[in-house]
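Right after this note come the structures.
You will see two complexes here that share subunit A, one where it goes with subunit B and one where it goes with subunit C.
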Partner chain A sequence: MADDGDLLCRSHADRGLEDQLFDRERHIRYLEMNYQILPSPYESQEINHLTLAYFIISGFHILHALDRIDREAVIDWILSLQAHPKNEAELNNGQFYGFHGSRSSQFQSVGNGVSVPNNSHLASTYCALAILKTVDYDFSLIDSSSISKSMKHLQQSDGSFMPIHTGAETDLRFVYCAAVISSLLDNWSGIDKEKAKNYILSCQSYDGGFGLIPGQESHGGATYCAVASLRLMGFIEDDLVSKCTSSCILDVPLLLDWCLQRQAVDGGFQGRPNKISDTCYAFWVGGVLKILGANKFLNERTLREFLLTCQSEYGGFSKFPRQLPDLYHSYYGFTAFSMLQETGVNSLNIELGISTIHHTNI
Partner chain B sequence: MLGRIDRGEVRIIGVDGMDSDEDERQLLPLSQRPEWSDVTPVPQNDGPNPVVPIAYSEEFTEIMGYFRAVYLADERSLRALHLTAEAINFNAGNYTVWQFRRLILEALNADLHEELGFVEQHASKNSKNYQLWHHRRWLVEKMGTEAAVGELEFTKKIFLNDAKNYHAWSHRQWVLQNLGGWEDELAYCNELLEDDIFNNSAWNQRYFVITSHPGLGGIEATLDSEVNYTIKSILIKPENESPWRYLRGLYKNNMQSFVTNPKISTLCLNVLTSKVNPVFALSLLLDLISNGFEPNKDLKNAIEAVIPESNSQNSDISVTICAILEIIDQMRVNYWRWRKNNLHSQVAEGVANLHIH
Partner chain C sequence: MHGRPRKSATPVDENASALKAAKIRSLQSQFLQNHHNNIYTKEAQEINAKLIESNPEFMTAWNYRKLAFEHNLSNQSEVDKEDADHIKLIIDEELRVVENALRKNFKSYGAWHHRKWVISKGNSSTERELRLLNLFQKQDTRNFHAWNYRRFIAGLKDISDEKELQFTTDMINDNFSNYSAWHNRSVLLSHLLEKKVEGYFPKEIFLKEEYELVRNAVFTDPDDQSGWFYHLWLLDQTIKVDMPNLVSSWPPNGSEITNTTFPIVLFFNEPVEGVNLQTVSVQVEDDIFKNIAWSPLSANKFKCGQAWLTHLTIPFGETNSSKIFQVKIRSEYSQGIISSNGVPCSQHWSIAFRVSVCHDFQPEGQSLRRILMTDENFSTVDINSNVMDLFKSYFELASDYEQPTSSKWKSEMIASEIDQYRELLSWAECKIGKLTLARLLMANDAIGTPVAPNTTHVEEVLKLYSELMELDPTHYQYYKDEYSLVFLKQVASSKESLMKYCRQYKESTSSNITGPMCLRLNSLSLSRIGSFERLLWVQSLDLSHNQLPSIEGLEALQLLSCLNLSHNKIGSFMALDPLRFLKSLRVLNISYNEIGAHTVDTRRYLCSSPLSHTLDYDKKFEEFAAGDEKVVNFWEAYSVFGGLDIMQLDVVGNVAADERFKLFLVKLLPALKWLDGEEVH
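Presenting the complex of A and B:
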């Protein structure tokens, strides 16, 4: 019997069939390795430390392996990154009181009279809350009103959001962050939804997709931010392709056609027309299709095949086939397989970007 | 001295301008550089139980320790400026460092042209870094209209290496809208499309120009020439998605004109009767028909000829088109099948839209 087994293994290897399986165990080991310690090259992304943690911790959850983390340590660490106003007056000083993305942007005043501004950031705040939601932290314990009240200082007159009050670029990514933060906190006082909606709509390009800023080329990531935000804010319903009439605020048929055309001949998704397929767009564009109720129109078999060429022998996923994996593309590889309903992979709340399934035995 | 005080301005000497002694010192750990001997680095407080720890290199740890010290002391000096450059080398995404650099530049009343040079140096390896582009915009905002030409040149240089760099296109659009320089933009789009007719960024820029250029008169004024240009481009490479989308975009709020323009149906006929990829032509015809277009006999024959077997008993040409697309655009077979089953609602909606306009 052992001989038969050996024969079977060898012929599997010969035919490359090993490559055709989603290797959940290996992905978990990849996440474990990074959870233990992030290799030195990641220091160049240290400012986004929380985001890297989000990819790992939410990644574990999606792969049904949340028991690999130290829940209490994670919670303590995240909460220690929160910026707290000293008093009610500080909440109105124009600063945003959210979460810092890293220790390198979090400063403790040294008592020399110099006031140190907080550098908390919208994207980090999203990641912090997403992780806390993932580990099923009791949100009533979070000082959410400071976050929401001060978040409105970041909204610009055109409806877009700046991620940090000290000054930065404003675009759809941060509208999305604001919307998902509000959704997770169930507190919409930090965002003028009508203005945000108008900004989003002004980003829809002539071809149906959305650019990151008005006038810009339509892009898979921007399109996800636009559609997910509109959904979170309640401006569009689920399953629009079945329901939408001409009264819909979006040009749904054009958007649908644009999204579906992003699936290239190799089965993968591209971020823009005439660009090469990249793992992450399987989530960004696939996610939009799911929200629209149109994921049944994408070709699952060839997408799966493409993604598996990006699956690394070290675990995780790379951007392009047969390259080294990174945490970002690994995470979106996992979410893509979640949408493909891979066995052993948790289902996802597409708009929140995390799994909201909770088991009692984590 | 790492700089020279000249009429109240501080000139920041770029890496190339430094003498070799300075270079040597630059490579030494900060703790061994005499000009930093008065500063005690502030260590990072990782807390008792750091989660997902990073294996920081010694150099990174040291640089950030010194940065923390000057940041907390709010020291806006020349040496602090150079320190931010070193910190940026380690983490080009660190917005706190970039922001402090801006505060220092203001405090020192620095020469912003030099700083543009600094950004340009970093642009080659960080051309997709949001903080770098934001810093550039901040500089240009301060410099005003005089910077316009330089920015158009700068983005052109970026496009030589990557004609689709999204950040560069955002920057270029912002420069045009805020500082002007529109005159040659359409010609530049032509150039880029001659290089690569598949460059979707260039097609998008074209649309941006015809809708936002204050002197062109908007889409209405340029419609005919743009339609001609686009049709020519389609015929060169009919499998290119970009010009098809662009053509449709030209008629965004004008579906009735789109449906009745004979050039559009001629284009589709041309494409269908050549031995080229007919997918986009068929898809366009499907949309036109659902908006009231009625194909003539030639067009119907050409459609049916794509896959002769598809010419079933069905007299509804839309059904035929969908059936063909199910076969030749296999990737989206489920979509075309769904379109086929939902033609009636699409037609009703399309006709209703016509009446509104």
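Presenting the complex of A and C:
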């Protein structure tokens, strides 16, 4: 009897492993659900509406299911969130004219001559442009010069960026946003690249990773922002590991060391030493390795196994194994599988954080 | 069960959720109304506080609080203004709202930022902030917002680095896995060292204690990463050479060469900038040459380079047909040579060599025979032959530059660490321990004598990397790369070890293109190459049958005229970019690699391209590639080979090397005589 029991257990376990495949169909359904109506846990995040939309729409694209969205409606909604200066002179008033994160942070014009506060935010602007790129919107129709011109006001004397002209913390996240915005608009006039570069380099810690601000402990997300920004600005090349490590502006061997040590024994990636593995760092750290041309060093099999333990039975991915999924971790789960070259999944432009697959440059 | 909604909510849940949503919506619209109309009444501020408590991420709400705060301060009555307590009340209220928000979301960027903003206004108690931090940091020891805030408060309130260091010691004693505490320790010690605070300068004073502290952690749980990372920092602090210096050159000091036009290469221990006419002088006999242009030898567009190059032509006429010229290269203003992190070079050096001019040189390769680098074309080097002369002078005289002397404490400290970790590995199977020991051993060898490398521990290091390759197959490639570099360091360390890999060309093969000798590093399963500073003399190099994906650094070997890279893992022409700098290259074998086998990354929108005109010879490209859809592959080949005078090329065995591509090469390389073994007409 005891033997039978063991056998039963084993066959059950085996079946468990067989089921462990990337379930694209279910992920699409998860996104559809979120696309139609934002679930209640997100209600307090209304102000980040654009960011959530970014996860959903770019997520559809990565899953090869962009046909599930109403492209025109998406474009109209996004464009409606853009802040426009009344005239050319306003571009010099120190405000940033980008995109609002949501309807509620966009004050409705009251038409009584009172100036309407402008709450454009760098992260929302990044998300808005990323979505527009994802749905293949014609960028020549965007008023890109007012974005670039006014974005200049957000850069600080140390090279970092503030996300909103009314004031907030400055760190690498917003340097990254500014770099992506410039790259997507193909207009670098809004950023002093040399200053931004120096700020980024001042954030590299002794262990090779980057902190969000100078002196901060290295962090997976910050490291991504640093490396992706340098790549977008053209300060580093593709495939650094096999090319120019000694003459590179970065300490590449140390950075490589730090990134590789972030793959934990369970196969997943952690954001910092001695933290538990978390789905999203498969993208943040894995993406850095990919940009460096060092993804051959990571253990893809165990990473895949870890990620599948975070794949929800309802579709989507959770932060940690066997928890409920959320949009953020789902999106970075999809991007991780894209980097693992899962079939049926579109490839990714790592630095931009989206798939630009329908845009061929040649 | 596909597509089932995430959770079937109970009616109670739904009600609660709907209520919450309605509440937030109502708060939000009231708040925006107030914000819009600049209303800062008590009630308005309370609405804002409630909103922030339920959503601390709302940046606009925090910015409203800043306006309200300033409004409160400026609208005090005259009596209140005198009253410090009243100001304190306003600040306290503000800090209370932040604290509540932080309790709701400890990771709220907006809340932490607001707190910094309020505190920067002054009039607040340092003690309270530290109390709050101590409380929060005990609950969430890794929260980087709290650590950032701690560093901010310490800076603002002038809390001494020593005091903060003690806090990290306490945190580490609580839990040595707390890497955030280790990290802050490194930041604080760097400050103390920089400011030369008594007890922390010179650095050997604190390093010893730090090694002990980290040893306690590592020996308690060798599998914990935190201590090891900190150890890496300590090791770096220990061995760091504090300034850039010259490590080798071509021509070497004391040598005699016979070409009248030749490259001069200066090789530094790290990338530097500022090598120019002001910093380095070139003197031929009594004339200081003023038309010398130095350029960094690196594949990227920055001004820093580890190797610097110029070309010198000795002016001589018919009258002095046989003469010896003395050439002297000297550092004139070494402080002008600066490392990439801004440290000036303070070492003075001078390289003197002779150029003997004679007229009977042979014209180059009018009738080039095909040069083969196979075993039957080589013989062992005759130690008594004159080919050895230059070779000897290079290794016997190269150590003449003045080198910074390394302190005794460094070797002692590292030797003691080596003992400790050998001991650890005797009872613990620990990958990162092995890696650390390998690094310690290499550091030990490196600090002894920088010019004639010490290879005492190379065998042990190679063994450690071999073990790691087996123990940790995921990072196999990484260890293999390290193994290759250490192996090459050993090969290049002395004349004797190099001789084992040198072969002499047989009479029938030898030409002024190959030079008399070939360094044969073939079939060694190398995945990376290095130690170029010891190989500047190499004219002929065989790297075939290895596993090289790139040849980074090879550009320093300016004499290189014959290069065999066949049977490696070169994946694209871009990986051959260093060849662009090798203007002496005549014979090249890149057959049987993986060029064209991988999909080309079409996102190279920032790399040099035919449209960006970054190369001086790229304007001709259009005529070469006209109408060909494989333009990307062609462009890459063009950018690498376009400026070279290659006479013999082997590309067979690469996906990219089809007939059309070969036609392209024939057109591109007018000097080409042999392509894949066939004579070009």
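Throughout what follows, the second predicted complex is superposed on the first by the 336 of 362 C-alpha atoms of A that agree within 3 Å, B and C clash if a C-alpha of one lies under 4 Å from a C-alpha of the other, contacts with A are read in each partner's own complex, and residues count from 1 in each chain.
Operating definition for what follows: contacts are C-beta pairs under 8 Å (C-beta built on N, C-alpha and C of every residue); 3 or more make two chains touch, one makes a residue touch a chain.
All values derive from a computational prediction rather than experimental measurement.
Identify whether subunit B and subunit C fit side by side or clash on subunit A in the overlaid structures.
Here the two partners, once superposed via subunit A, clash with each other.
Look at A:Ile56 in the shared chain and tell me whether it touches subunit B only, subunit C only, both, or neither; answer first, second, both or neither.
first
Which partner does A:Tyr314 contact after superposing on A: first (subunit B), second (subunit C), both, neither?
second
Looking at A:Glu217 after the superposition, I want to know if it touches subunit B, subunit C, both of them or none. Which is it: first, second, both, neither?
In the superposed model, A:Glu217 contacts both subunit B and subunit C.
For A:Ile164, is the partner it touches subunit B (first), subunit C (second), both, or none of the two (neither)?
Both partners, subunit B and subunit C.
Could you tell me if A:Arg103 is touching subunit B, subunit C, both of them or neither one (first, second, both, neither)?
In the superposition, A:Arg103 contacts subunit B only.
Contacts for A:Arg272 in the overlay, against subunit B (first) and subunit C (second): which applies, first, second, both or neither?
Both subunit B and subunit C are touched by A:Arg272.
Going by the contact rule set out at the top, does A:Tyr35 touch subunit B (first), subunit C (second), both, or neither?
A:Tyr35 contacts subunit B only, not subunit C.
Quick check for you: in the superposed arrangement, does A:Ala130 touch first (subunit B), second (subunit C), both or neither?
Touch partners of A:Ala130: none, neither subunit B nor subunit C.
Could you say whether A:Val74 touches subunit B, subunit C, both of them, or neither, answering first, second, both or neither?
Only subunit B is touched by A:Val74; subunit C is not.
Looking at subunit B, which part out of 27-35, 45-53 or 333-341 clashes with subunit C after superposition?
333-341
For subunit A, which residues belong to both interfaces, subunit B and subunit C?
The answer is residues 39-40, 43-48, 104-105, 107, 110, 114, 119, 121, 164, 166-169, 205-207, 211-213, 215-219, 245-246, 256-257, 260-261, 263, 272-275, 296-299, 302 of subunit A.
Touching subunit B in the complex: which residues of subunit A?
Residues 34-35, 37-40, 42-49, 52-53, 56, 70, 73-74, 76-78, 80, 103-105, 107-110, 112, 114, 116, 119, 121, 164, 166-169, 205-208, 211-213, 215-219, 245-246, 253-254, 256-258, 260-261, 263, 265, 267, 272-275, 294, 296-299, 302 of subunit A touch subunit B in their complex.
Tell me, which parts of subunit C touch subunit A in their complex?
1-7, 17, 20-21, 24, 28-29, 32, 35-36, 54-55, 57-60, 62-63, 66, 109-110, 112-113, 116-117, 142, 144, 147-148, 151, 177-180, 183-184, 186-187, 190, 224-226, 229, 232-233, 236, 271, 296, 298-300, 302, 304-306, 340, 432, 474-475, 477-478, 549-550, 552-553, 571, 574-575, 577, 601-607, 631-632
Using the touch definition from the top, list the residues of subunit B that touch subunit A in their complex.
Touching subunit A from subunit B are residues 42, 44-47, 49-57, 60, 64, 68, 71-74, 90-96, 99, 102, 130-131, 133-134, 137-138, 164, 166, 169-170, 173, 177, 198-201, 204, 207-208, 212, 240-242, 245-246, 248-250, 252, 283, 330-335, 338, 346, 349, 352-353.
Could you please specify the touching residues of subunit A with respect to subunit C in the complex?
25-26, 29, 33, 39-40, 43-48, 104-105, 107, 110, 114, 117, 119, 121, 163-164, 166-169, 205-207, 211-213, 215-219, 231-232, 234, 237-239, 242-249, 256-257, 260-261, 263, 272-275, 296-299, 302, 312-315, 324-325, 349, 356, 360-362
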